[in-house]
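Below are structures written as structure tokens.
Paired with chain B in one complex and with chain C in the other, chain A is shared by the two complexes that follow.
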Partner chain A sequence: MTVHQKNLRTERVQHALFLAAAALLIALGFAFWGTLGWGALRFFLRHGLNRTILGLRYHPIRGQFGLLPFIIGSLAVTLIATVLAYPLALSVAITATMVLPRRWLSGIRQAVASLAAIPSVIFGWWGLAMVVPLVRNLGGGTGFSVAAAGMVLAAMIVPTLSLLAIHAAMRVPERWVEGSLALGATPDQTLGRVVLRSIRAPLVEAGIVAVGRALGETMAVQMVIGGQTFMPRSVFAPGSTLTSEILNDIGLLPPGALGHHVLDVMALLLLLAMYGLVLLVERIGGREVG
Partner chain B sequence: MKGSTWHGVAVVGSLLTAVLFGILLGDLVWQGLPQMSLGFLWRTPSELTSFGGIGPELLNTLVMVGAASAITIPLGLAAAILRVEYGARPGFLLVFDRMRYTLLSLPTIVVGLMVYEWFIVGLRWPLSVGAGVIALAVVNWPFVVDVSVAALKGVPDSFREASLALGGTKYLTLLRVVLPSALSALVSGLGMAIARLMGESAVLIFTAGINVSRHWGWSAPGETLAVHLWYLRTESVAPHADAQAAATGVVLLLLVGLVLYLTQKLAHWLKPMDA
Partner chain C sequence: MFFLLWWMAIWVSHKGISERSVHIAISGSSALLPVIKEELPAWEIRHPEVRVSVTGGGSWAGLAAVSQRRADIGMSDIVPSETMARGMLGYPLGRLPVLFIGNQCTGVNKVSQPQLQQLLAGDIGNWRQVGGGDTSVIVVSRPLSSGARFMIERQILKGRSVSPRAIIQLSNGALYKTVRGTPGALGYVEWRPDLKGVVVMAVGSSRFDRTRGNLWPYYTEPTLYVRRDAPAIVKQLAADLSHSPAKAKFGIYPAQP
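On to the complex of A and B.
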């Protein structure tokens, strides 16, 4: 056998191995869909779809499994976090790419990337140390609240969002900025009508990634939201999210207990939400797929 | 300059962000430092006194993240190579991409629930280091695929064409041309993946547990630093639990920082001269 034939044979084996790894990842994904789908189906057959998704009362011991308070809680903290974090992240990106000297950019990117690696429990710790007392003073009550969770999440997603916004802003060709300024546009007009306008798609995509992270965060939220299972009456009232409720209930609803599969329903809702966000990013076209 | 109001607003916003993170990290260090000592790093935790340590948690973090990475780096790299270098039918790649992006953004508590149902409930594994490693690997895998795909896509096509034109097979091109050129970006991306894994906690609570054993083993409970921080701050009744949590956080941050620093240095050193 010649060396070339040997190489070709090695190549076929390699190819098969790579294909197997990719297929295994797909299989893992389907295992998630299958397990959660099957568990949720069994739950719905017994407890009803609408009564679960739209139910207001969550009381497993009485057999009430309304998940609406958690769905609303998840959406509320995500909304608060995104609304608070987006302006800050955009400011960081504009400052880093358009105000400060270009030679600082790689240093800033590295610093922001390091901040993005801060573990979420540390944000939770900070939330307990500072945000909860702050909310207590602002809105009364204990301070453990939807608002506190939203603020902690906002701080958590700022680095990721800034990094993505910086990457987007770096894609704007220098010539466009210079051209706009040369035509007499003020820096503000250039920023609004040339820079931000040309990177709308990646900025929206960054927002979707941030929403995904906020929606999926468990620990930092669970530490400060208060864990109340009924609908929060205001943002300063304690609440719960789908993620924090799964964490609270895995221990309380062991397999075999009535309603154990409500955990699968909550997890399936999160899986569906993430899949929806992936399709949304695909539609916007910021990310190539296939 | 006239007409640059929004630039000013952006600078104020950036300063605000910097101050926010300065306060966050400063407060953590300020509260954690009094508890820090060399003994804290190797003593076992204590519920009764304020003289506990984080020795077993430190060991568990290093071993579990190491073992999980040892599983996911080859698997993730292989899947990424298929995606970028070899390709497959478009339908397969579409499903592959949607699946990996979904798994990448999936809340880690959902991964934790799955590993709990499959391994702890289904296979009757104990809450253990081993189950924790599996859980971490599932969380890490799509992340490794993501950074590997980015690194491989960074290699110009002309490199591949030159190698193939000279008679190199696909496999040799990959081994001798593509991987060496992508190595720097790969190391830096994998550093991010490992750093992220060190702070992972939601996936571990019901797979590795919130205890440590006197005797280390793959089937012994495997609380990590991040989980310990959460435990101290939510359930522990130990004296000075707050300060101990802060000190644990400082150690965790130093570890994450060390991983990032070393991999960035290595990546810089590996960077080809002409690139």
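On to the complex of A and C.
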């Protein structure tokens, strides 16, 4: 066998392997969507779509499966986390790339990356010790609340968001900044009209990635949100999210148990939200920078 | 390279199968995990042909997993339904006391059982109503899947639910930390030796004494469940684990004083 023939054979094997891997991934995806979709469909046929999605009462043992409080809880917690985290992460990125000496950048990136790797349960314990008492002092009540969950989540997504923002800011050519300053613009004007404007698309993309992370987080949220299944009366009241309620009920509603498919519905709602975010990222990512 | 890896994988799995041919899956109550994990290494050394895996997930999940043949042994401190129990054998471990703990600022260290019932159900909203300070009562509970909650709702609340306004914590540890750090909090934990910074409530004339823990009237009965048609080795493992000397170390007292 010649070298050329050997190479061709290796290529054919590689091709088959990659094809098999891709097919397996696609099949897994379909199986995942199919399992959840089938479970959700059976649940909707039995309990009704509107009564499930718009229902306000949830007690699986009593056959009440209203999910609206969790949907609102998920949205509220994600919104609070994003609003708190975004300016902070942007500040970190601008300070690291434009204010501090360039030689510090690598160290800052490593430090931020190490923060991003902290397991969520650690953030949960930290939230119990620090954030819950803080929220109790700020808003009264127990401190276990939608606000506490949002704050803990904000702390969790700041490192990821900062890293993405730093990478985006590093893509701005040095000569654009120098040119702007040379034309007489102040550093603030350069920041607002040159740097931020040119990285608007990647910043929005980073924000959507962070929203996805916040929406999907489970453990840390469960530990500080209070786990009540009612519609939260304010941000300082306890509540629940789709993910935290799945975690609470997974032991009560194992596969085969009556009502198990409500977990499929919750998972499907999350999956749909994530898919929407992915589409949004692709749409924004497809645009040209600037 | 790929074929070498493939061949190695087959060789390793074949070796695994030939030397350790039996696999036993244990699943269920996370409260029992420490006892089981303490006892298993020695048991596996005595039975090198058996490989045992242990996962939590809660008492309900453990019972369901055994009845649906997804696990061989189910750890549960919830009594299975009559239909479910018919196909199963139970290996009780003993009594695991459930203690009522309050935050130190409640000003109360003793309640009657009716008071406890009203406090847990959310009928009493201020500690002043039971002789304590002017602090709101904040009930901290475990989720519906918890064996301890099952016992509380059956034995103390007589079928009623824990306050719907209760703060829910998944684990014993998180619940204890929440009660310790939240003014006015009242919760319940399966006994653990490191309870500090909280008030362990006396209920009526009963006061918990760790040297005579089996006299405390509020307890769960953790049990290992196997299917009646399970292989002998599975039944043997359940029986051996139920007699583990490690039980006392984790607060499980013998059923009889």
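Note that in this section the second predicted complex is superposed on the first by the 284 of 290 C-alpha atoms of A that agree within 3 Å, B and C clash if a C-alpha of one lies under 4 Å from a C-alpha of the other, contacts with A are read in each partner's own complex, and residues count from 1 in each chain.
What we mean here is this: a residue touches a chain if its C-beta (ideal position, glycine included) is under 8 Å from a C-beta of that chain, and two chains touch if they have at least 3 such contacts.
None of these values were measured; they are calculated from a predicted model.
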Combined model on chain A: chain C and chain B, fit or clash: clash
Most chain A residues touched (candidates chain B, chain C): B
Touching partner for A:227 - first (chain B), second (chain C), both, neither: second
Touched partner set for A:18, first chain B, second chain C, both or neither: first
Which superposed partner A:251 touches (first chain B, second chain C, both, neither): both
Partner chain in contact with A:267 - chain B first, chain C second, else both or neither: first
Contacts of A:80 with chain B and chain C, given as first, second, both or neither: neither
Partner chain in contact with A:188 - chain B first, chain C second, else both or neither: first
Touched partner set for A:8, first chain B, second chain C, both or neither: first
Touching partner for A:164 - first (chain B), second (chain C), both, neither: neither
Chain B versus chain C as contact partner of A:60, first or second or both or neither: second
Chain A residues contacted in one complex by chain B, in the other by chain C: 17, 125, 128-129, 222-223, 247, 250-251, 255
Residues of chain C defined as touching chain A within the complex: 2, 57-61, 64-65, 68, 70, 138, 143-146, 164-170, 174, 177-178, 181-182, 185
Chain B-facing residues of chain A, complex: 4, 7-8, 10-11, 14-15, 17-22, 24-26, 28-32, 35-36, 39, 87-92, 94-96, 98-99, 110, 113-115, 117-126, 128-130, 155, 158, 162, 186-189, 191-192, 209, 212-213, 215-219, 222-223, 243, 246-247, 250-251, 255, 263-264, 267, 270-271, 274-275, 277-279, 281-282, 287, 289-290
Contact set on chain B toward chain A in their complex: 1-7, 9-14, 16-17, 20-21, 23-24, 27-28, 31, 75-76, 78-79, 81-83, 85-86, 88, 90, 92-103, 105-110, 112-114, 116-118, 121, 138, 141-142, 145, 169-172, 174, 192, 195-196, 198-202, 205-206, 226-227, 229-230, 233-234, 242, 245-246, 249, 252-253, 256-257, 260, 264
Residue ranges of chain A in contact with chain C within the complex: 13, 17, 60-61, 125, 128-129, 132-133, 136, 142-144, 222-223, 226-230, 238, 247-257
